[in-house]
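This is the structure I want to talk about, given as structure tokens.
Should a chain be cited, it is by its letter among A, B, C, D and E, assigned in written order, with residues numbered from 1 in that chain.
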Amino acid sequence: MYLETKKLTKKFGGLLAVNEVDFSIKKGKINAIIGPNGAGKSTFFNLISGFHPPSSGEIIFKGTDITKLPSNKIATLGIARTFQTTNLFEGSTVFDNVVIGHRLRTKSNLFDAIFKTKRLKQEEEKCKEKALEVLQLVGLAKTADSLVSNITQEEKKRVAFALALATDPELVFLDEPTAGVNPDETEELSLLIEKMAGKGITICLIEHKMKMVMKLADNIMVLNYGEKIAEGLPEEINNNEAVIKAYLGGSASA
Amino acid sequence: MLELKNVTVKYGKFAAVEQLNIRIEKGEIVVLLGANGAGKSTTFRTISGLTKPFSGEILFGETSIGGMSPDKIVQLGVVQCAEDRKLFPQMTVYENLIMGAYVHRKKKNERMKTIEEVYHLFPILYDKKNDMAGSLSGGQQQMVAIGRALMAKPKLMLLDEPSIGLAPLIVEQMFESIQQINKEGTTILLAEQNANAALSIADKGYVFENGRIVVEGSSENLFCNEEVRKAYIGA
Amino acid sequence: MVLFVQQLLNGLTVGSVYSLVALGLTLVYGILHIPNFAHGALYMVGGYITLTTMTHFGFHYLLAIAVSVLVVGLLAILMERFVYHPLRGTIPINNMVAAIGILLFLESLAQLIWGPDYHHMPTPYSQVVNVLGLTLTMQRIIIVIAAIAIMILLNLFLKKTFLGRSIIAMSQNREGAFLVGINANKVAMLTFFIAGALAAIAASLTSPLNLVFPGMGHLVILKAFVIIIIGGMGSIPGAIIAGYILGMSESFGATYIANDYKDIIAFVLLIIILSIKPQGLFTKGAY
Amino acid sequence: MATFFNQRNVVMGLMVLAILFPFITQNNYYIYVITLAFIWIIAVYGLNLIAGYTGYLSFAHAGFFAIGAYAMGLLSVKAGIGFWPAFLLAPMITTAIGFLLGIIALRTKEHFFAIYTLCVGYIIYLVIDKWDRLTEGPRGLMGIPSPANIGPISFSTPVSQYYFVLFFLLLTIFVMFRIINSLTGRTFLAVRNSEILAQTIGVSTIRTKLVSFVLSTFFAGLAGALYACFLRFLGPQISSTAIMFDLLAYLIVGGIGTLSGPIIGTLLIVFITQKLQFLQEYRMLLFGPILTLIIIFSPRGIAGFFGNWKSIRKEKRMILQKNKKAA
Amino acid sequence: SNSTGGAGKGENIVNIGYSGPLSGSAANYGKKTVNGLSMAIEEINKEGFKIDGKTYKLNLVKLDDKYLPNETAANGQRLVQEHKTPIIITPHSGGIAALQVFNEQQNFIIGGYSSEPSITEAGNSLTIRIPPNYEGYIDTFINYEMKRYGKKIALIPPVTQYGQDWAKAIAPHWEAKGGEVVHQASVDFEKDTDFYTILTNALNKNPDVLFIGGPSESTAKLALQAREAGFKGGFIVMDQAKMDEMKKVTGSYELLEGSIGTMPIISANYPGTPEFIKKYEEKFNINASSEAGYLYTTVYILVEAMKAAKNVDDAKVIREHIQAGLDNLPEDKKVYEIPKINKDGGFDVNVRVGAIENGEILPINVE
């Protein structure tokens, strides 16, 4: 098992936002989570990435229990994420945003900083290279010097991808990566996601755009009122009565 | 009802929108299409008075509202449901909705009726009415934003990408509701990425590119336009 | 026992004073997030206006307070217009330093107008009430009642009226407030007016216990800031309760631990509260 | 023009000026005031690190300044330790206290942190004021030695003390420069910009904040120790909120989160307040509004104001590009 | 532009330096000290004074230090460097200490207005301490109150160093005379909003006498609230507070019945006092205070010392002639009687004491 949740549960007051969910993420594949608004998808991400402590249940990553780890430790293990509402360092340039993404793979400390050690120089170089590399990958090499507050929604989504990739992750969680992005560009972002998967990165994403999910995903889980109501291949999900009733409705066209 | 004449909007020196001409008749649903960063939200912000136009004129009925303060514009009946929702995160859902009726604050009964309608439209909001808006899921927040705009009983409602983050089922319902709201007499200006659904309920549309309108016409025409199909509807 | 009850009453009085000052500050700091260090200066001006109106123009105490409320309220509006309004959208620390500028200015101005010396403010409610070995004055009773009454009124105003809610709405999302038709300028001015008015009331009620002098704002302002934070920013019952915690810890600390260390005791207590509840006592909602 | 006024050149220019200063003026008064200003600048750099670069506004820094000063004073006057060991220990002690405090205080955020540290600063003041058996309380601590000779170099004249302090100022600037332009500095900035995001990309925010806080108290403590041996008298006033407000004003006026801000702000305000002495009791009547106006018209501080040139130029270039794209 | 006293061009000017709290919370105190200085200087400058046939006039250069020692030191440097002042007057012990670091090197006298004995005990050869030491009052105060009210005293000094030292000095004397100190706690007039807490604890011990002090108005507030709380005994009023100023807050001397303290300057009757008070109140429109009185006298003493020394700029020489200055002081300038300067540099003052009996202030013989 790669990453696995066991009876994962989160309560907010009386509300069961995530309710005893067992889910395993398939290594090297594109996994998707869908479900109605408020089903608990984002909360599920927040639990795995150490953002909220679970009320009960376990999260196992490559055999180790990461249930209680803080989010920075989880990131160090190779799990990265993006947020539903794009969350970036607003005042800085795209490049500065992404450079810091590789910090967790570096070791230099205050001492290195003050004495400008060889290690620091090497690591700074490494961070810059990494930043350029991921910006290239997401197609933003030209935008590197713009301030984040001045770029478009879609570009911000790409920066968020780049930032996640800069941490050298093996597993990436994407929360609605294409919300508010037009069909044309949605298409391009899908390609990007596939490209990431092609590099061996395992993907887990939340989306409401069914066409895209159906095309991309290898494995889909459906949440409703915090509970898992279905899991399977896209075709299976598409034809699942419960899913259609709770989520897809008549035409899964959007 | 609303007319933009040669409107240009600048952020610093950069013109986000240039020489814009838009005309909306009473009772219509008009849709703005365009890629990300094309200038749709900027147009909305300008109509609502959140951003001041650099040049040009905006007429609402007979009144020139270009550069007017946002609260006056709302009082005139032009209400926006903004792209990033702009909710009051630490107020409850109920309080958020009630604030939507700020311009009608003297009319309690009417307010209570409208809020029932909103609850009817989005039943989940009724269940969540005592929760902080900030604790809601993304899609639920979007519903609060739309509901709050409805509370003002606008004459002209500006909806900036209302379907962002909504589940397909809800998107469907929402477009139906927009039609419903429109039938009850509210004129609607809609910005959407979901061109397919938007054009199917709209009377006419404008297509933006880099801050300018490149195509305009009735929704049927736009629907058949090859380029529009390719870019905004997906093959 | 008598000692205990008397100290309870003393703590209640001082706590009420703290709360009264904190209430005005809650609006601008707790809700609008403007750390108005000049609030202490408004308090001071409030004291002087009441005093001058009484001694110079012969107004009745209560009437003088009304005048003071108006004057200081207007002064607060001017402050909003000329300082905080232009500063909107910059980093919050700027507000703080600007406030320090205003504070220095107003204190200096008061020194110019009224001189640097201490003044005594008479009150028609100086009657001493002795019951069961306890000593109270009417003025103290009025302070306690006023603090509680103002808290209730302010809470009702903010929670139950559109105008009050619009203040809160503005603080949470400015553009959101515009989009429901709230006039930002009016609301900001109103907020500052109320804050100024509360400062004037607090000073007018408290001054008869102490004195009126240019630095009188320092007496309470630091504590008021702490109270708001301990109470959980923006919470009005929180501010009142934290005010009483501080008042009581001072009076009981002075009695049962050591008088000379009462401030340390009180502040250490506050530190402990914040260490245990980093968000203050009355924070609501997860956001 | 804009490139000429970049931060590095400004700092370099000021440095050269600083080294030559005693040759330009023979007036002890100027030297005295500038030496004192240099000491403030070091403290302001400390504050800048935590407040400007890491986003946590600490109101306890006047307190830490005082701890450094009193540590220096008490070690040399009461414990009878030699000058240099005392001078070395004083910032260390400050740092140790800063560390213990940081662990608890940094659990709070934003306004809560600001007020938490305000309380801490006030408690430090109260302790110094009340614990008179140790600190001499409000009477103050007298007889602190001035810097001991290093071989043939003595520090008894104002000019030599000026260079003594200048040395530490330059060292501070150098260390700051290195930190700000390193990965560590970028990490501070990331925490300032969004703590949540920093944490998700694997930054240990707790550690980062603690490092920044402790380092900032070190500089406050160093400045305090310098103050003690320069003034040779200490009173509890140095830990008061008034001093804290001064430090804050220096930082904000100069430009928070910039390398040249602390220097510019401190020198400017010290200059203004000295110039306004002719108004005597009414100087605050003018100083208050001047301070407020500077903030209103240069909300990013003087350094930020010049820094703007650069970014405006950059922005212009980008706009040109954008417009080209649009055409 | 820093000058008051109106010295014109072409004259011989002697600058007198001052650094004190002119703004901020201690401004009130600073103002009183400056008033005394400027009034004396103005008077002297009408004629000027002659040394070796040359006529000299004085010029007061006053700078604000907000009560902060580092600012006092900076001001001190400025006064010496730019105005060549042979003397700098400063009214707080922190400032005095900060100036003592370099005053001998740079050769200027510190005119310290502070009763704090340590400032002269440090052995600085160019420091003079102007106001009287509190030791002179203690026995008289204690004997009077003990005889009139009883043996139990509660001490409520202000938190200032001066207040603390006073309290520390009075306690052993009180006990030596068979009395009992039943309670001691300090009051902080800059921070305490209300004094009931402290009074409740003090009165809980049933004292016969309260020791209080601080700024007059605040001290009066404390006395007033003590009476509200039912205290019927007497007050020992620390010399910083003046009973006439206290009366303005309490409304009458009745409430202060049984108080003993330094004789208010208005009732003091030294040779120069009535004249001083009259002129002072005309000029400043406020009541005369002892700070102003002492500093007024000090300026005249200085002028006499300069005359005796035949020198206006060498601080050492002037300092050596201060005793001569005291001896030559004209009778009508004796707002206080200061017969001698002691070996540490402190003025030994003939203090006067008053007590309130039946609503009136009466002189009490100093023992």
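Everything below uses one rule, namely that contacts are C-beta pairs under 8 Å (C-beta built on N, C-alpha and C of every residue); 3 or more make two chains touch, one makes a residue touch a chain.
It should be emphasised that the depicted structure is a prediction, and the values quoted were computed from it without experimental measurement.
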| item | value |
| --- | --- |
| Reaching chain E from chain C through chains that touch each other, fewest steps | 1 |
| Far-end chain from chain D, centres as C-alpha averages | B |
| Of all other chains, the one whose Cα centre sits farthest from chain A | E |
| Computed distance of Cα centres, chain C from chain A, in Å | 47 |
| Centroid distance [mean C-alpha coordinates] between chain D and chain C, Å | 31 |
| Whole-Å gap between the CA centroids of chain D and chain E | 37 |
| Chain C, residues touching no fewer than two other chains | 107-108, 111, 116, 260, 263, 286 |
| Numbers and ranges of chain B residues touching at least 2 other chains | 135 |
| Residue numbers of chain D (touch at least two other chains) | 281-284 |
| Complex interface listing, chain E residues touching chain D | 1-2, 22-24, 27, 30-31, 62-64, 66-70, 73-75, 77-78, 80-82, 93-94, 97-98, 100-101, 106, 116, 118, 122, 159-161, 164 |
| Of all residues in chain D, those that touch chain A in their complex | 175, 178-179, 182-187, 189-190, 193-194, 196-205, 211, 215, 314, 318 |
| Chain E residues touching chain C - in the complex, by the definition given at the top | 23-25, 27-28, 30-31, 159, 185-186, 188, 190-194, 196-198, 200-201, 204, 215-218, 220-221, 228-230, 248-249, 286 |
| Touch list for chain A against partner chain B, complex | 12, 35-39, 41-42, 84-85, 151-155, 176, 179-187, 208, 210-211, 246-254 |
| Residues of chain D that touch chain E when the two form their complex | 27-29, 32-33, 36, 129, 132, 137-140, 142-143, 227, 231-235, 237-238, 242-243, 274, 277-278, 280-284 |
